[in-house]
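Next come two complexes built around chain A: one with chain B, the other with chain C.
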Partner chain A sequence: MSDEVLYLYAVTDSNIEDAEVIEMRAIDGAPVQVIAEAPVAAVVSAVDAERFSESALRRGMEDLYWLEGIARAHNAVVSDLARQRPVAPVRLATMFANIENVRTLLRVRAEDFVAALDRIRGRCEWALKGFSVGTEPQPPTTGLPEALGPGRSYLQRRRAERDSRDRRSQEAVTEAEAVHDRLVQLTLASRRYPPQDRRLSGQRDEMVLNSAYLLPEGFDTEIRRVVNEYDGVRLRLELTGPWAPYSFATLESDQ
Partner chain B sequence: MTVAGSRDELALVDLLDRLLAGGVVLTGDVTISLAGVDLVQISLRALISSVSTLVEP
Partner chain C sequence: MTGGGMPVPGRGRSPDHRQESTNLADILERVLDKGIVIAGDIRVNLLDIELLTIKIRLLVASVDKAREIGIDWWEHDPTLSSGQRDLADENRKLRERLGLLEAARGGDDDEGARRSFDGRGGRREEKERET
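== the complex of A and B ==
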C-alpha cells in the first residue's frame, strides 16, 4: 500500500458525529474522517502522498482537469457539512503527514478556530457578480446607417461605437457600486474579489462586480429584492448561494 | 437576475474564487507554498490557456 497523507477540508465544532460524514465521499471517492480535539474537530480524508506532494501540486495547479476535480471534491465535502453545522472551510490543498499533526494544529489554534466558527455560526455566504450589458467587443458595422451619411469615415463610426460602449460600461460600474453599497448596509460582512477575465467567466459582457456577502441563514429574501431592483438593461446581476462561508471564516492572523 | 444554488451548476471559476482566495490559511505539512494571489494567478493562467484552446476570446 502506498503512503498516505491527510487532506484537510474544514474545521468544525467537536460535537460532530461520525454518522454525519459516513455518507460523504471525499477526493478520489475516499471516506471522510473526523479528528476531534475538543472544542473543535478536523474533517479530513486520506490521499496518496505521491499524488499530493508539493511538486505534484505545483504541476496540478497548471492542469485544469486536475484542479477542477480537486476543487469540486473539496467543495462537495465543505458544502455538505455546511448544510448541517457551522464550518470553517480550509484553503484548497492543505495536507498533514499524520493524525497527530492534525491534533496538534487543533490544540494550538483552538481559540482561533472557535472565534472563526463563532463569526459564521448560523450564517451563510451569497455571491454576486455584475456584468455590464452590451460591452462585448463588436465586429465592424457593415453598411452605413442613414443618419451617419456617407461623409462619415469608418474610423469615426468605430470611435462612436467605442465611446458608446465605454459610456454603457461606466453606467454599469456606477450601478454596481450602488447595489454593492446597499448590500453592505443589509448584510453582516462583505468582501470584494477581482472581476474575472471574460475568458474565465465565459461571459461576453465585461464583469464589473465580483463580491461576497455574509448573512443570517434564511434571510436572503431582502438581498434578492435589492438585486432584482438593480438587475436591468445596463447591469446584469447573477446571485449564487447559499455558499459555505469561504470568504468569512478566516482566522484573525489571515487578515 | 439569475440565481444558481445547486452544486452541479456551480461554475469552476466561482469555486476557484472561494477555494483559492478564501478559506482558512494554515501551514500544513504539505501545502502549495505560494502566496494566495500567486495561486490564483497560476490557476487562472491554466484556465485561460485551457479555455483559449476551446473558445476564441
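== the complex of A and C ==
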C-alpha cells in the first residue's frame, strides 16, 4: 500500500522531455514527473495520500490558506508548461492511485486530449473583466423633501439612488457588450463567465463583464488597443494574460 | 527557479506591458472552475466548492491567523513563493475591503449577499457557455 498518490496537473503532447520539467517544483516542493503514453502525456507529481485523502481534501477546500497554496502551485506548474508547449490544464485536485491508472486514462481518452490540445496549439488565453464605475453601494444621503414623512422620503431617496446606479450600470453593460463583440471579431474563440461578486472581485464597482479570449501567441497588440479604447469613465476594464488556456483546452464532453 | 504563479509571464511581446495577474481570486476562478474535468481515483466534489464570497471572506481570516501563529512554511517554499511578494499587499487590500464592507453593510449590501446565495445553483449552469 503506497502512501503517495499522483496529482495530475495537465495533459500535453507525448514529445515532452524530462529535461523540460526537471527544474519545476510542484505541490509541497515535489519534483514534476511525466507519464507518456503516445500521443499524449500526463504531468503529475506525488502527493501525500493522507493529506490528499477525500476527508482531508474536503477540509482543505474550506481552508483558504490550504487552498491558496495548492491553487498557486497548480497554476505555477500549468503556467510553466504553457510557456513551453501546448497544455490542457486539468481541474484542481484530480488524483490517481498509481501510474497504471494514469496510463489507462491517457489511453482511453487519447482522442479527446489530442482534440483539446489541437484547439490551443500556439495560442493563449487573455481574460477581461469590466467594472461599472460608480456603482458601489452608497450610504444614505439627505436632500429630498421630508414632507412625505421620514419613512417615505427615505424610501424615495433610496429609490432615486438606486435608479441612478442602475442607469450608470446599464450604460456600462452596453459598453461591455460592445467591447466584447469587438473582441469576439478579433479572436479565435471566447467564453463568458458570470460576473464575480464584489466581495470576491475585490472591487467596489460592480463587475459587468467576465470573459476570456483565445488568440495566437504574441497577437495581443490589437486586443490591447480595443480594450484601451473602451476603458473609460463608465466602464473600467482589466485585461490579464497571457494565461494558460484554461478556458479553451476543454473536452467536448465538458461543453 | 521556475516562474511561479504568474500565468505564463514573459510571453507577451512587450515586457513593459505585462499584465499577468497573481490575484488569488483570478487564480482560484481558473483552477477551480475551468480546466478539464476528469474523474480521478480520489473523489473530491468540487461542485460543493463554490467561490462564495461570504465563504471566502470567512476563510481569508484563516490566512492571517496562520501567519499569526507562525505557520509560514509556504512563504519559504520556492514553489509557492511566487505569491509572496503580492501576499502582504493582497492581504492589506482584503482587510481594507473587509473594513469597507463592514462599514457599508446597509440595505443594498444585504441585497448583494442574497444574490450571491440565490445565484449559487444557477451559476454552474450558466458557466462556460460559448459565445
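As a convention for this text, the second predicted complex is superposed on the first by the 234 of 255 C-alpha atoms of A that agree within 3 Å, B and C clash if a C-alpha of one lies under 4 Å from a C-alpha of the other, contacts with A are read in each partner's own complex, and residues count from 1 in each chain.
Basically, a residue touches a chain if its C-beta (ideal position, glycine included) is under 8 Å from a C-beta of that chain, and two chains touch if they have at least 3 such contacts.
These numbers come from a predicted model, not from an experiment.
Taken together through their common chain A, the two structures put chain B and chain C in a clash.
In the superposition on chain A, A:F52 contacts both chain B and chain C. In the overlay built on the shared chain, the residue A:E68 is in contact with chain B and with chain C. Shared-chain residue A:A26: touches chain C; no touch with chain B. By the touch criterion stated above, A:T221 is placed in contact with chain C alone, chain B being left untouched. Touch criterion met: A:R158 reaches chain C, while chain B stays clear of it. By the document's definition of touching, both partners, chain B and chain C, reach A:S247. Taking chain B and chain C in turn and counting the residues of chain A each one touches, the greater count comes from C.
Where the contact sets of chain A with chain B and with chain C meet, they give residues 5, 8, 11, 52-54, 57-58, 61-64, 67-68, 71-72, 74-76, 79, 88-97, 101, 105, 109, 116, 127, 191, 193, 196-202, 224, 239-243, 246-247, 249-251, 254. Chain A meets chain B in the complex at residues 5, 8, 11, 52-54, 57-58, 61-64, 67-68, 71-72, 74-76, 79, 88-97, 101, 105, 109, 113, 116, 127, 191, 193, 196-202, 210, 212, 224, 227-228, 231, 237-243, 246-247, 249-251, 254.
Chain B makes touch with chain A in their complex at residues 1-5, 7, 10-26, 28-33, 36, 39, 42-48, 50-52, 55, 57.
Contacts from chain A toward chain C in the complex involve residues 5, 8, 11, 23-29, 52-54, 57-58, 61-65, 67-69, 71-76, 79-80, 82-83, 88-97, 101, 105, 109, 116, 124, 127, 136-140, 158, 162, 180, 184, 189-194, 196-202, 204, 211, 217-218, 220-221, 224, 239-244, 246-247, 249-251, 254-255.
Residue ranges of chain C in contact with chain A, taken from their complex: 1-13, 17, 19-21, 23-38, 40-44, 46, 48-49, 51, 53-57, 59-60, 62-63, 65-66, 71, 74, 77-80, 82-83, 93-94, 97, 100-101, 104, 106-109, 112, 115-116, 119, 123, 126-131.
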